[in-house]
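Okay, so chain A shows up in both of these, paired with chain B first and chain C after.
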Partner chain A sequence: MRLKSAAFFIFLWYVVAFFTELPHPHEVAEKFFYLLFTPEPVLGKTLLEHAWASLLRVIFASSVAFSIAIPLAILTGWNRNVGEILMPAIEAIRPIPPLAWIPLAYIIFAPFPNTVQISQIFIVFVGSFFPCLISVFDYARNVPEEFLEMAKVFRANDLLILKEIVVPHSLQGIMTGIRIGLGVGWMSIIAAEMIATSGEGLGYFIMTMYQVGGRVAEIVAGMAMIGIVGYLMNSVLLRAERLVMPWR
Partner chain B sequence: MRRLIILAVVFAIILAGCQQTEMEKKKVKVVTMSPRDMVEQLKLGEIDAFVAWEPFVSEAVVNGFGKIISTSHDIWPNHPCCVVAISDKSNRDVAVALVWAHVKATRFINSEENREKVLEYASEFTGKDREVIEEALERIRFVEYPDKEEFVKYYRELERGGYLTKKPRDLGYDSEDEFLKDLLYSEFYNYVLERLKENENWVPEKVNKKVRVGYLTADLHQLAFYVAMKEGYYEQVGLEVEAKEFANGVMEMEGFKNGEIDAGYLGGAPATLKRVNDDISISIIAGANNEGSAIVAKDAKSLEELAGKKVAIPGFGTVQDFLLRIAAEKAGLEIGT
Partner chain C sequence: MALKVLNVSKYYGTLKVLDGVTFSVDEGEFLCIIGESGCGKTTILKIIAGIEKADSGEIVFDSGGRIGFVFQDDRLLPWKTVYENVMFAVKATGFEVNTPAVRETIELVGLSGFEGYYPKQLSGGMRQKAGIARALAVQPDLLLMDEPFASLDARTRERMQEELLKIVKGKTVVFVTHSIDEALFLADRIVVFSPRPARVVRTVEVDLPKPRDRTSQDFAELRVELYRSLE
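The block that comes next holds the complex of A and B.
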């Protein structure tokens, strides 16, 4: 099935490439494998180095985001009072796309050294924070009432309920949240890199290739790399999910 | 099996990441930003050096933010820099009118008696004070047409550096010579030159057309454009000029591509680069200046000391990028990001 899908996709690509400026798949594949280990002359870096740079930023920023979003979501989902205060505000901020934060980020982080880097990390943070928060929140809020009632009957204190019932029940939400958060973060970093100079990164690579001109194959090769990294990230996390929750 | 593939890819990525730190010693770290930001960033110590056009070099030097470690004269003596390009050379009247205004303005700038006025115009055009302008003008040679032999070096070096992705044949030319002849199209200039030689006060016929002209942000190299406007040379030939500002020459070529401008003042490197790579049809009908850029550093005292330092350029494919690459190669350094 997968082979058929791939063959169909490549066929479609050839058809489109025939009529437009889009480079043919074999040209892109050639460029892709060439640039994987050979530095590209303008920026002097290989595709892998660019991908690594982007990936590091995403991993760093989303780790920070998750370590704040997960506890916060469990707290808001479990405790109705906290939820009532926080959720409306979060729901209001959540629809603002990460990219809309860019100008503000530059202004806020202007006094810090390395404004661009910090802003990019902030944008990825915003991108991965909300999906994770919402996902965990949903699970934490929907802990079956019977469990909580039963725990109260046995005089369990809040800490114990949190540890033994709410957190385990939210585990699925946490794993999904991390997966989706990383995905959104990955999209945000590419866009953020396109806007300002970052020295390296796949978004920067694509944009520079466009500016220097005449490099469609490089651009598509960069896009392919973005897709591959995103896909790998997703499948690694799906695997981890199965490892953490073997009962599912 | 699939697990193995994933592991191998992850391992390769980590390996590439580690190698990068080892190799950075002999590399110059290049970042891009607008020249206006460079001065500020150098002052703050965010970057260690920059390569920019005047008056930003002089601004940094006069204010004591950095020192010149190499002028573009040191890197490539008498190098052509900014040029005047036009997108449609079939419109002869407009081209001749533009060249005439440009030549008049250039001669105005170069004649000693106008010094006071030139300083005033330069200050207005760039928004810098007198001290900076005086220093900056020292390093710029305003010319009417670039030296063709020298200009070809842009083409050769861009080709050698792997910047160019197409050959003249791909652009529909039979040979390189034919392509270069079309790129450096001096016929209009020669005509204007002849006519002015016969009669110094010759003015071409009024064309009564509107032209959209691109120029770069506060680039003192392009002073002739401002002078031609202020001295009314465009009016004399019936050109209604609509000026459009761009951040660097590569961006300005995008402007040509998207039909935003009909003519423009821009660097020779981006003009050549994008002419070839994106097949943006332009011809260079006049030159604007030679030299007039420099590498300014905060602490480094020589090119060699730029190893491992962060150096800003206005954009990849600009004249400044080009100069930095030549300088780095001379000093045995590599360009990285």
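The block that comes next holds the complex of A and C.
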């Protein structure tokens, strides 16, 4: 099934490439594997190094986002009073796309020596924070009433309920939140790298390849790398869900 | 006397559910409450357990008030194994975490070997046993059971009733059911609730020795009598 789908995709690509500027799949594949380990001359880095640079930024920024979003979501989801104060504000900020924060980020972080880097991290933070928050919040808010009643019958205190009922019940939301958050973070970093000079990173690589004269094969090879990394992140995390939640 | 329920009334909004319910339970007695669906049986158990408030009336515990509750649905936490589910109640009650005692309780209900199983991996009967183990693990002064076998097939249900009598021997139990046969098999005394709003319309002593023979003449006569009182 997957093989068929891949074959169909490549066929379609050839058809489109035949009529447009798009390079043929085999040209891109050749460039892709060449650049994987051989530095591309303009920036002096391999495709793997660019991918790694982008990935590190995402992992760092998302980790910060998750470690704030998850506890916050559990607290607001569980305690309706806190939730009612916080959620409307969050719902209002959430629809703003991460990239719209760039100009503001530049101004806020201007006093720091590496404004661009910090701003990029911030953009990813914004991108991964909200999906994670919402996903965890949904679960924490919807802990089945029956379980809470059971806990009450046995006189469980709030800490025990939090630890052994609310958090485990929210684990699915945490896993989904991390997966979606990383996905959005990954898209955000590529976009953020395209806008500003950052020396390395897949977004920066693609933009540079465009600016030095429309090197189409390199551009598409870079795009392929973005897709592959995103796909791998997603499937690794899907697999982790089964390890983290053996009861499902 | 272990527990007195005195003139308890309860409304849900404008719906009157309990109308001056009065009965008592002796120390070591197995009391069954029987009444039709929706009459307020679960409600009175919740009020006794202290998770629902009565609008008027009183609940008096003569000995300790620690309660073990077995629910109509099993209410096991799906992310916890049998052992961890039982342990949850132990921790909630504020007991020392005592592994051998928990294992003993699990063995008592006949689930040894299944301590590490998740609820999803158990049959319906085994899940109810796990729920019973959880209730017993808190060493309750009073065991409240809300139609724990209602979802089981007839044969399993009868077997569970037989095992239950052995497990809770000597304990004070209030057991809710709407099965006359179940009440006749288990109870020392049966309290009959009227349709909603519930009042106690009758109390029937069941003097037959245990274990009871469901096919005996005495059993049949009591069954007829109870059917009449429920009409």
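Simple rule for what comes next: the second predicted complex is superposed on the first by the 247 of 248 C-alpha atoms of A that agree within 3 Å, B and C clash if a C-alpha of one lies under 4 Å from a C-alpha of the other, contacts with A are read in each partner's own complex, and residues count from 1 in each chain.
As a convention for this text, contacts are C-beta pairs under 8 Å (C-beta built on N, C-alpha and C of every residue); 3 or more make two chains touch, one makes a residue touch a chain.
Remember, it's a predicted structure, so these values are computed and weren't measured experimentally.
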- Task: Once the structures are superposed on A, label A:Ser170 by its partner contacts, choosing first (chain B), second (chain C), both or neither.
- Result: neither
- Which partner does A:Met245 contact after superposing on A: first (chain B), second (chain C), both, neither? second
- Query: A:Gly213 contacts which: chain B (first), chain C (second), both, neither?
  - Reply: first
- Does chain B (first) or chain C (second) touch A:Thr76, or do both, or does neither? neither
- For A:Glu149, is the partner it touches chain B (first), chain C (second), both, or none of the two (neither)? second
- Intersection of chain A residues contacting chain B with those contacting chain C? none
- Complex contact set, residues of chain A against chain C: 146-147, 149-157, 160, 164-165, 168-169, 171, 245-248
- Note which residues of chain B are touching chain A in the complex, please. 6, 9, 12-14, 16-17, 20, 27, 29-33, 44, 46, 161-166, 250-251, 253-254, 273-274, 276-279, 315-317, 334-337
- Item | Sites on chain C touched by chain A in the complex | 49, 51, 67, 69, 71, 73, 75, 77-80, 88-89, 91-94, 118-120, 134, 138
- Touching chain B in the complex, chain A uses residues 37, 41-46, 48-49, 51-52, 55-56, 113-115, 197, 199-200, 204, 208, 211-215, 232, 235-236
